[in-house]
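Residue numbering begins at 1 within each chain, and the chains themselves are lettered A, B, C, D, E and F in the order written.
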Amino acid sequence: MPVVQDLAFWVLSVVAIAAALGVVLVKDLFRSALLLAVVFISVAGFFVLLSAEFLAVVQVLIYVGAISVLFIFGIMLTRNVREGNVPNRLQIPAVMCASLLLVGMIAAAINTDWRPIPEAAAQMVDAAQTQSVAGPPAGASSSGYAEQDTGLAELLIADFVLPFEAVSLLLLAALIGGLALARSRGS
Amino acid sequence: MSCQLASDSILYANGIYRLVYEIVGVVLPCWVAYAIAGLVFAFILVNAVLLGAAVITWGERRVLGRFQNRVGPNRWGPFGLFQPVADLVKLLTKEDLRPEGSDRVVFSLVPVLMVAPLILMTAVVPFAKNTALASLNVGVLFILAVSSITSVAIFMAGWSSNNRYAMFGAARAVAVLISYEIPVVLSLLGVVMVAASMSLGTIVAAQALPFFLVQPLAFFVFMAGMSAELNRSPFDVAEAESEIIAGYHTEYSGVRFALIQAAEFGGVGVVAAIAATLFLGGWSGPWSEYLGWLWFLIKTGIIVFLFIWFRATYPRLRIDQIMAFSWKFLLPLAMVNLVVVTLEVFLLRGDEGVLTHTDLAIMAAINLAVTAISIAVFGNLIKDRVTFRTRQPQQVVVPGVSTIEVS
Amino acid sequence: MYGLAMVKGLMVTLKNLTRKPFTIQYPEERAKQHPRFRGEEFVWYEERCTGCASCAKYCPLGIIKIETSPSGSMIPQGEKYRLEVFDIELQRCMFCGLCVEACPYDALFMGSGFEQGQYSRKNMVITIDQLRNAEKHPSTWFRPQLEGYEGGTDSFRRTPTIAQGESRFSYDPRGGPPLGWREVGRESWRWHQREKAGMRLEQGEAVPDTGRDELPQSARDSDAAAD
Amino acid sequence: MPMRPLSGEELAKAVNQEYPGVAVDYDEVSAWIRPNRIHAVAAFLKDSPAHDFQFLNSVSAVDYVEYFDLVYHLTSLRQQSSAVFKARIYGREDLRAPSVYSVWRGADFQEREIWDLMGIHFEGHPNMKRIMLWEGFEGHPLRKDFL
Amino acid sequence: MTIRTEPMTVNVGPQHPSTHGVFRVRITFDGEDIVEVEPVFGYLHRGTEKLAEERNYVQVVTLTDRLDYTSSMINNQAYCLAVEKLLGVEPPPRARYLRTLTAELQRIASHLIAVGFFVQELGAFGTPLMYGFRSRERILELFEMLCGARITVSYMRPGGVFADAPRDFWPALNRFLEDFEDEFAEMEQLLLENEILMIRTRGVSPIPPEVAINNSVSGPVLRASGVNWDWRKQEPYDAYDQVEFDVPIGSNWDNYDRFWVRIQEVRQSIRIIKQCIAQIEPGPVRLDLPLVLRPEAGREAYGRVEASKGELGFYLVSDGGISPYRCKIRSPSLINLTVIERLLVGWKLADMIVSLGSIDINMGEVDR
Amino acid sequence: MSLESMLVVAAVLFAIGLYGALARSNVIAVLMSIEIMFNAVNLTVVAFSRYVAPLALRQEIGSVLTGQVFAIFIITVAAAEIALGLGIVFAMYRHTESVSLTEANQLRH
């Protein structure tokens, strides 16, 4: 249903951009962390629109469930919320830098000929993306398209096994590093 | 003009939804029918959660009363069944208080944010054959993701209340939520692995033998983790009323309190429903075509009763002990379960990739032994950590008095 | 094994789940009330009262207000006084029963009720008229003559109810018709003998029992013997 | 084994042996000591092995209008004996006595209570504030001339 | 993660679910660790000592009921012993047995509440408390049978008790004892070895004996600190020299020991009650004293008992009038609180509540 | 809804994040802005994966999900980065009692 999807897209865009602006502009750091969670949720909505449901769920699980909470924890423990979100002296260069980049990116996005795949193929991609994540939904017969496809899990541990292991190593390093940092010097 | 749902839609499998959609679709345009059918189902879900919460408040108070040799609420209606109504009326007529210095917007948002994830979680639970709103193929993951929103809501409650007890409660609740997420996810991985699907409908169908027999360890970890996430005894530090009044919702009153309370008890119901689906076989049972909802309700009731029973019996752990329990006991158990189940699935699965009934029975036998052994082993491991080294008795001895001492 | 005691605990609570509740539902059911219960409505027998105001003096809170005037009657016995005011300010009463203990003529008794909540403080004063007109169900508190009553008139019901069927002879203040002033008091010749409950002047006059022996003579019987 | 109460005479003798002239009077159960030596006597009674009064039962003050009596009830757990010593403080205003807080911590709240209700200020007590009544309450209610 | 946070001060109480009445502690936390404690009393101060100076000796008995309302029998007993010392009289033997018996019943009731609330504060949702209340209810019923009131008993009088027990009392008491042993065994089974209770209380807030003695701590708290000191043994009053019982003492001095000592004392109380029932003889129960007592002028007496919370002493001074010239109440709850700083500082918020519960204060007695 | 519109939204989010990262002085605010930028990048990757790349990639490695794999890697890295970043913030706060970037001018304390 393209109408519904378009509507959803516009709503999500407005919410995401407004919330993102809120994150960087609101003075109360706690509120800006909450707005950050809103940004995350709307990005998850975008993922659903792009029929990447698995990614959407992961986005909510990790960003909203863990990262936002970590941020809020950090804000709470460092306790300088009300005065917290003050801008520094680089205000004008930052605005200029960001807007220049924005103009450039939008120009590139619009002027480039992306050669998107045809609409019929796009719908098949939708179905394939949906189904190759976790098998076909119960009760529905799987379309022939998805069966030839490699699922996300297989992709991760077959083709992308090296980056996968690298990321695991990174996580481990981060875990140890976090522990080392958070451990107080005395104990 | 009539509308047909595409057969690969996630809503297709839902019988009720399809029925409403097709009937409304006869007279109205398809997108209106789409919305109306959705609203009908949302109405059912919201009512299921809130009514379930009401029934559980009543049931908990009655059963807890009987555990304590009391009667429990029995004035309103037969067996006090209308007690939740009376409570609600009372709470609705209360003055709406907001503490001074609180963050107005955030404070008001919290009750909604507490209830919403529950209703979302219910959306993927099959009450009977083909009745889940959306048989999402990432159902289990969806439940975990949505339930994690609660931690943000709790933080918002604690922060915006401008009360130190609320802050304590929020910090504790979030710490518990984060630590118990991991063992719960790991225990669910085993389930997903055996069922070979993350969709709850498929998991129910895969339970030729209920999974609490196949993976008792996962069931144990899940129940323990979930009672921690729900702030149920013995892990109810977040709203330990003897320590921090009511934790993060200390400052809430009136209808906001009612909503938070509904979220708490509704949470018990929803988690019980999920546990019944994942581990007790959901709606499956004799004549499940027609009586599926009954089996489902009975199994949910059993889990709720278990929660109440634990609450009636156990004192509360301290926050650091709860963390230790999660990281040092539940996490290793969940990992043991994961490794064992992986090996079993790898070895027992036939060529067509399906586990037969016999396979499940073999797994059940092995896993029961593994459960007993690993609980004993890890229990003894943490026992040394948690029990206190007995000091040498050193007392002022007064002669001529017969005494008895702590063993 | 570690965790065994927790399972044991679960079993204990489960066992209790199957038991009958030990609480009772108050307005419909009532707890057993014992004859000595110090209830809130005082029972006063004007015929026995001399207006000496011992009760008022002995009240730790001073909530009893008594006004008397000479009545001109019973001059030979030393003029009986007429009671004009006998107010008991119930809102401050703590039901210690010391007024009853102080009364030398068995005229004042504790009552047996406990349900006299009022909406205004004014109503919390028991006036002399209320005392006169009230149904008289005196408590046996500090009135041993009411306790061991055996046989006698119908107003002394034999109640097998108290303490789950143990009491065979006690008078039940909550039941039966109200008691008249002749039924409740000791004989007038003993009034000044300062024999109070439990304060036997001579050993062996009555044998307090321990529950092991045969029931002793009742106070009533010993009174009769003394006559 | 029953308790052996120390008679006033014994106590007075013992105190006078250590600090001559400090015990000024005695009766059957108690001995009076000079109020300015309370702390020293308390420390002596607690620490000397012959007496060993480790346990302070209670500290009381009695208002006799012309003077106040401070009464200390002591118990020795090892010796199984008890003793009472008193100190007499004359006057009504600005009364002071040395605190035994540093000898027996158990005197903490009791001394504060005496200050609160009787108006005897204990010197050497680290937290000499009112305990039952609020700061700024007029007078000391347990005195005989209060109301 | 140990992250230093700013200390924050929290008023725990006077309206808090578990401060045992209107007790307020101003606590400074660092995270959840307690760094500073300041108890604040007086919310229930009724001036009992002053009131006692304006009542005659018998009327004061009613005041003592209201000190520690969970053990009013024992308060009665302490006061009556003090008055008897003042008068130099001895109650008749039957009265002494009745006093001992009722005091032990009251001790059971009080300890049941103490244990129940202690576990309640550990977070058990009311179940042990309710089991305690179930048995306590029976005891209160016995008291009602005995003296017409359940809490504010005013049963004892200087020179004895006000009246002998009614006939129904003895069989009812026997039945209670039979049932109670089972009920109490159930409670022990539920609590005594419970692992959660163990890890919550073992090793938490220990008070070494020398600290306990120096702080004048008494009662179960002192015994849990390893000092076998019980006034019932050391200075037997009433019928305690006639009965045999053991004194439970702790060896780890911690919260668990305080809880354990109470449980064991209930067992010993049952023993004492049984011996009392076996030994009690018929006889008078009250001395022939006038209603208004006038002790000699200038006499003083310090009467003490081992109350359920600790040493309860009444220091009475007479000026020859009808009311005590001075009535000082040495209340165990207040003085046991002296160790509060030692008990709480360095422990966590959750332990604080439990430790407060383990010393079992009663605000009626702390503030008087 | 098209690829371009999705890219524009992502670009706007990225620019906002960049502004935040440059203009804030509070470390936590900076980290939050960086998260917004990560999310914008994720959005772009998934959008390309949905609209442009799949057919070609499918011929090469047999799946249409490559873009999502990249997104997953980005999420993982972001999680690790936040854990470490906040660890550093706490360490810094512990030593200097401040979370202001302008005051964090020393590598060691």
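To be clear about the criterion, a contact is a pair of C-beta atoms (placed from the backbone, for glycine too) under 8 Å apart; a residue touches a chain by one contact, two chains touch by 3 or more.
Since we're looking at a predicted model, the values are computed, not measured.
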Inter-chain pair with the most contacting C-beta pairs: A-F
Remotest chain, chain F as reference, centres from CA atoms: C
Go ahead and note the Å separation of the Cα centroids belonging to chain E and chain F. 64
How far is the middle of chain D from the middle of chain E, if each middle is the mean of its Cα atoms, in Å? 25
Dist(centroid_CA(chain A), centroid_CA(chain F)) in Å evaluates to 8
How big is the gap, in whole Å, between where the Cα atoms of chain C centre and where those of chain D centre? 46
Would you mind listing the residues of chain F that make contact with two or more other chains? 90, 93-94
Show the residues in chain D shared as contacts by 2 or more other chains, in ascending order. 1, 77, 80
Using the touch definition from the top, which residues of chain C touch two or more other chains? 2-3, 6, 9, 12-13, 16, 22
In the complex with chain C, residue positions of chain E that touch it: 55, 58-59, 61-63, 65, 94, 127, 131, 134, 137, 141, 144-149, 152, 154, 160-175, 186, 189-196, 277, 280-286, 288, 291
Hey, which residues of chain A end up touching chain F in the complex? 2, 5-6, 9, 13, 16-17, 20-21, 23-24, 29, 32-33, 36, 39-40, 43, 46-47, 49-52, 54-55, 58-59, 62-63, 66-67, 70-71, 73-75, 77-78, 80, 84-91, 93-95, 97-99, 101-102, 105-106, 109-110, 114-117, 121-122, 125-126, 128-129, 132-133, 148-152, 154-156, 159-160, 163, 167, 170-171, 173-175, 177-178, 180-182, 184
Can you list the residues on chain A that touch chain B in the complex? 1, 3-4, 28, 30-31, 34, 37, 53-54, 57-58, 60-61, 64-66, 68-69, 72-73, 76, 127, 130-131, 133-141, 143
Where on chain B does chain E make contact in their complex? 64, 67-70, 164-165, 168, 233-234, 236-237, 240-245, 311-321, 386-391, 393-398, 400-406
Where on chain D is chain E touching in the complex? 1-3, 29, 54-58, 60-63, 71, 73, 77, 80, 84, 104-110, 113, 117, 131-134, 141-142
